[in-house]
Amino acid sequence: MSTHVEHAEPGIFRKYFWSTDHKMIAMQYLFTGMAMALIGGYFAYVFRMQLGFPNQYVPGYGIVTPGRYNALVTMHGSIMIFWVAMPVLIAAFGNFLIPLMVGCDDMAFPRINRLSYQIFLLSVLVLLSSFLVKGGPFGGAWTAYPPLSAVGSYNLTPAGATLWLVAVALEFVAFLLGGINFTVTTMNSRAPGMKMYDIPLVIWMIVLASIIFMCSAGPLIAGAVMLLFDQTMSTGFFDPTRGGDPLLWQHLFWFFGHPEVYVVLLPAMGIVAEIIAVFARKKIFGYKTVLYTTWAVGFLSFVVWAHHQFVAGIDPRMANIFSITTLLISVPITEMVFLYIATLYGGSIHLDTPMLWALGFIAEFMVGGVTGIFLGSSGTDIYLHDTYFVIAHFHYTFVPIAIIAVYGGLTFWYPKMFGRMLNETLGKIHFWGTVIPFNVIFIPLFITGTAGDQRRVYSYALFAEQSRPALQHLRLTSTIALLVMLSFQLIFIFNFFWSLRNGKSAGANPWRSATLEWTVPSPPPHGNFAVMPTVYRGPYEYGLPGGADDYVPQNVPDQAFGDQNS
Amino acid sequence: MLERYLTAASTYAHWIDYQFLLIAVLVGFWLIVAEGMMFWLIFKFRARDGRATQYITGEETHLKRWITIPHILVILCDIVIIVPAILVWYNIKQVMPPADETVRVIGQQWAWSFQQAGPDGVMDTADDIRTVGELHVKVNTTYHFELMSRDVVHSFAVPSFRLKQDALPGRTISGWFRPNRVGSYDIQCTQMCGIGHGLMAGRIIVETPQDHAAWLLHNSTPAVAGQQALPSPSTVGMDGLATMAEVRR
Amino acid sequence: MTTETHVDHTNYVKIWAILVALLIVSVLGSMSHVREIVLIAAFGVALVKAYLVAKNFMHINVEKRWVPYLLIVCLLFIAILFAGVAPDVLKHNGLHWSKNPADVLVPSAAGATKNE
Amino acid sequence: MHKFQKSALYRIASRSLRLPLALVIGGLALSGCRMGATDAATRGQEVFETCVPCHNSDGSGNAAVGAPNIAGMKAWYVEREVDKFRAGVRGMHFNDVEGMRMRPMVLSLASEEDVKAVAHYVETLPPVPHGSSFPGDPKAGAALYATCGACHGDTGAGNQDLGAPRIAGVDDWYLATELRKFRSGVRGTNPKDREGRLMRPMARTLANEDAIRNVVAYVETLKP
Amino acid sequence: MSASAKPIANARSGTGIPSARLITWWVIASEIVIFGGLLASYIMHRVAHPEWAESASHTLTWAGALNTFILLTSSLCAVLAHQAADSHDGPKAAKLLRLTALGGLIFLCVKGYEWTLDIREGFVLSSGGFWSFYYTLAGLHGLHVLAGMIIMLIVAADAAKNEELQRVECIGLYWHFVDIVWIFLFPLLYIAK
């Protein structure tokens, strides 16, 4: 067993690639995730160009053939979900925030943490290697329904399919390790005095997301093994001619796939909760109720999966059960969103960039939420299933989650991560330049969806009803909006790197926030806290009447503020 | 509401359209209320000098009811949505009205093929009509379909009928539709089925009984039995380009 | 850093002896030709064995109460999965669907040209 | 301090706003015009990417998916068959599993020029040798070949004037499959398929499966 | 690894369960769903295909029973090792752990022998639905046995020096879990015919 010397000056390799420090691992996840986001965004650019300008030469790519189109959408989906949303929302923010916000020096198991990132990096490399093999990357949609995904002569990308599957499996292992570590750290390593209901919401939600992931990914890991054998060892788990059943994979996939939505949603909700509390200078309205709704969502997310399969050939009677549970899950989610909005009441709202992102998240996510009702009620899903309505609904939830909330989190914690402030003006330009085009991309897609555009189609030329010029104009609008949105991301990239050097020095607590991570210098030193903190109160004590300041940090003893505090 | 975007050509298309409208009205209302409330609060409680923040925990009864009452109303709306949704589902997918005709729909990479009984009205006999890429049906006739797949998962979707059902290899899945408007409509495959997925188009042609009988007769003379049905001109020129190729010859 | 909560009164060898006895029971039971006896010998005994191992060897009886609950919730999720999937995978036909015989994908493709 | 910062920021903001706008406009301009190949040869290679998943980048084909070896196939024949697929003259029979896979892919070709370009590109591909996939008796096949030779030539080189493609050097499994299709009427029954309708009676002269195998085995011995 | 190099986070115990044991429980929880998913898939298929009984009749019940016995015995060693570690007797714990690992090795040897016989008879992974599940389930389980053995030997090496004794219990927990999985695999694969 190697001895890890903590305070010796590490070499570059040890510091950046072999570090067990949670902050460095968070950065590794963050930058890997952002690099993958660029790749995923590039794919979106290519296939949107194909849809906007069918069969034209796409600058920076070339001709989009039907096969390549499938590979592009498959990789866009897989990368954005598994290699962008998960690593950034859970792993990067989780790693950075959990030890800082619960008041300890590192994860409970730093080396498991390091291993988690290394396996994740390996999964990235395996995925990217599929671009180099014969046949190219997998093109059977991110849901990988067999027998298409299982048989090389059906999907025509046998090597790519196997590499994709292995990459996903490795990624799962990485997040199982990471998630277990998050859970244990939060359960065991909290600062003295930090009780269950003193934990900031973002930590709660990241941990609950990890637990949901742990409980839901298992069957799919088993399924991945079976599918891998189907691909490489000619077994017939999903092959109906040999006693297998293709529906089994769909069930295993969606048993994971639906909770996965909440796995990424919850951290985003947590980030937004933190930001809203700080910038509205308000305690979260009904902190405990938010938690209860989260638990309810977490549990219910396990009983709704087959609403992805209403018309997939499941027994139609089952659809009724899943339709009811699906609408049931709207109950706690609605409650949660209402509570967030209620938090604004009586506040003193400062519209800094992070707050804009957080409010943008709520505003946009609500659209995603209500359009889910159309799909969750089995009757309308018959028509809307697998149309662009689904795409638009899905992106109205996922873009707020993986883009808007992530930008919110990044702009909010950037000072803590790098010690400098981001440029506010550029931040606001970037916000409006992202959110407005985002709506212009997806609102037309709702309409094309209701007009019957099916998804994953590289050109509608052969479908008379779908190749109406009116629909093509909508597709073109969406493509142009995407170009605008993508180009505005350059402002963020510029701002990010420019501010690393030129930003205003942040100080320990630029946003006057009450949680523990703001009590340490920015960026936090190795070991985080010079003196390990003790916690005396909940995380959102803002707007206290009569205090010297309008907030009380979690680690300040009660007597310092007299007895006005509860 | 949906008919503004796409023709409704089957009897149950309107059920789905009304359900869509119902949901749109209810959730649209709540969306507007919630967004309006949010933006109003942002405006009302924007930071202003000299105004202190209120300390509210969310446990206060008089404030909590501002959450609870709308929430109960939302749950009521959920029920109002789910009951008809299930009824629509039940009537389309769970019960099947007695069939006038039966067709067999077979998906494969990347074409739809159809088998229907010839003039003798019995399936799996010598005069069966087999077509590829287009299905001819009679208007105002209840059809049962038997859906299957030769290779991978496909999805038989006729947007104008509001019909969609996945075809699974190894299974026969039945369903029904009753076209009520003469015309020719798209068949899509809406489940990723390989590189030709986006090209897996078909047409469903709803004909008057007379036209249908003529078509039936033309394609089921013993001489052509067992062979393919002739593509009608409307589908050969499906993409405009194919016709061009023909003209050039 | 071992915990003090553990009560070490359990006679592990005795538990082991019971487990081995149960193993013998299940092997003997499996030789029966009565289906019910085989099933009970197989799965009833397995449940008892698993319970004994979990309780005595894994010390779930003296562990914090939420640990067994956690494990049970995981099992519950699997039960939910089973309940949701069984109507499709376990059965051969249901409402408006049926599985085709294993060697036939499409019943009527008479005269179809087979691939070499 | 605020004012100073604001003016500096303004500059940064306007400067960095210019960049994305320029990119958007530039991108739109570029996407409107064809920046890709202008000459037919390069265009053919680009369009051929559509065919690569099944026929491979060298045109060698893939027996597992029923895609024949097309490397070096004559352009006139490729063009003609592609047109047949596009018109639904081929690949529209209920039992033509491979044809139904080919037809939609062909429909994805955007224009007549693309069809020409890709046909010419296929002709330029160097022929790829292949093994034989089933046994047959070439000697017995030689006699049967007399019928074929009339159109396809003694060496199996084909005859453009008669519309007969080269068959020497074509995959044996593919020849056999197509002969079976002609015999059973899966191919060559469409009234618009002039050449196919000529071929069908010829294929029906082959009495049975053995005859097919033998004649294919003989064709395999021919050097184009 | 000396104890001082560990972060403070590792030493805290907010739940009252030491971090090492807590993480083991979570690992077991996530393993339950992995094996649970696979077992659920198997059971569904097995019930749907009564004809698989013919394949199942080719499995060697005695080998399965022997392996059950071996795993039960090794579990006993593991729990005795934990007892020894509790009374701070590192070397004894290490000895018992090595014995446990030996049990795992014998288990794998029996398994290997059994698989050799099966494969000689022509039953391989792709021979049919039952055999696919048989090899996948037992293989995944065997992989866990192998991993457990390796970790156990590492833990034993530390324990022999009276270091990291808390790990003895954790690897024991894991081992018992692997044992329980086998307790269910045995009837599923060998008895139910």
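The chains carry the letters A, B, C, D and E, assigned in the order they are written, with residues numbered from 1 in each.
By definition in this document, contacts are C-beta pairs under 8 Å (C-beta built on N, C-alpha and C of every residue); 3 or more make two chains touch, one makes a residue touch a chain.
Since this is a predicted model, take the numbers as computed values, not measurements.
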| item | value |
| --- | --- |
| Subunit E and subunit C - chains in contact with each | A |
| Central chain of the complex, centres being mean CA coordinates | A |
| Longest centre-to-centre distance from subunit E, chain (CA-based) | D |
| B-C or B-D, whichever has more C-beta pairs in contact | B-D |
| Distance between chain centroids, defined by C-alpha means - subunit D, subunit E (Å) | 54 |
| Whole-Å gap between the CA centroids of subunit A and subunit B | 31 |
| Rounded Å distance, subunit A centre to subunit C centre (Cα mean) | 35 |
| Overlap residues in subunit A, where contacts from two or more other chains coincide | 65-67, 156, 215-216, 219, 240-243, 245, 247-248, 252, 255, 313, 316-317, 458-459, 462 |
| Of all residues in subunit E, the ones touching two or more other chains | 15, 17-18, 29-30, 32-33, 36-37, 40-41, 44-45 |
| Junction residues of subunit C - those touching two or more other chains | 74, 77-78, 81, 85, 89, 91, 95-97, 99-100, 102, 105, 109, 111 |
| Subunit B to subunit C touching residues, read off their complex | 93-94, 96, 104, 106, 115, 124, 128, 148-151, 169-175, 226 |
| Subunit B - residues contacting subunit A, complex | 2, 5-7, 15-16, 19-20, 23-24, 27-28, 30-31, 34-35, 37-39, 41-42, 45-48, 51-59, 63-64, 66-67, 70-71, 74-75, 78, 81-82, 84-90, 92-94, 109, 151-153, 155, 157, 159-160, 162-171, 173, 184-186, 188-199, 201, 203, 238-239 |
| Residue ranges of subunit A touching subunit E (in the complex, touch as defined) | 1-6, 99, 104-110, 112, 176, 180-181, 183-185, 187-190, 194, 214-223, 225-226, 229, 233-237, 242-245, 248, 252, 255, 527, 532 |
| Complex interface listing, subunit A residues touching subunit D | 49, 52-59, 62-63, 65-68, 135, 152-153, 156-157, 423-426, 429, 433, 458-459, 462, 480, 483-484, 487-488, 490-491, 494, 498 |
| Complex contacts: residues of subunit A adjacent to subunit C | 215-216, 219, 240-243, 245, 247-248, 251-252, 255, 302-303, 305-306, 313-318, 322 |
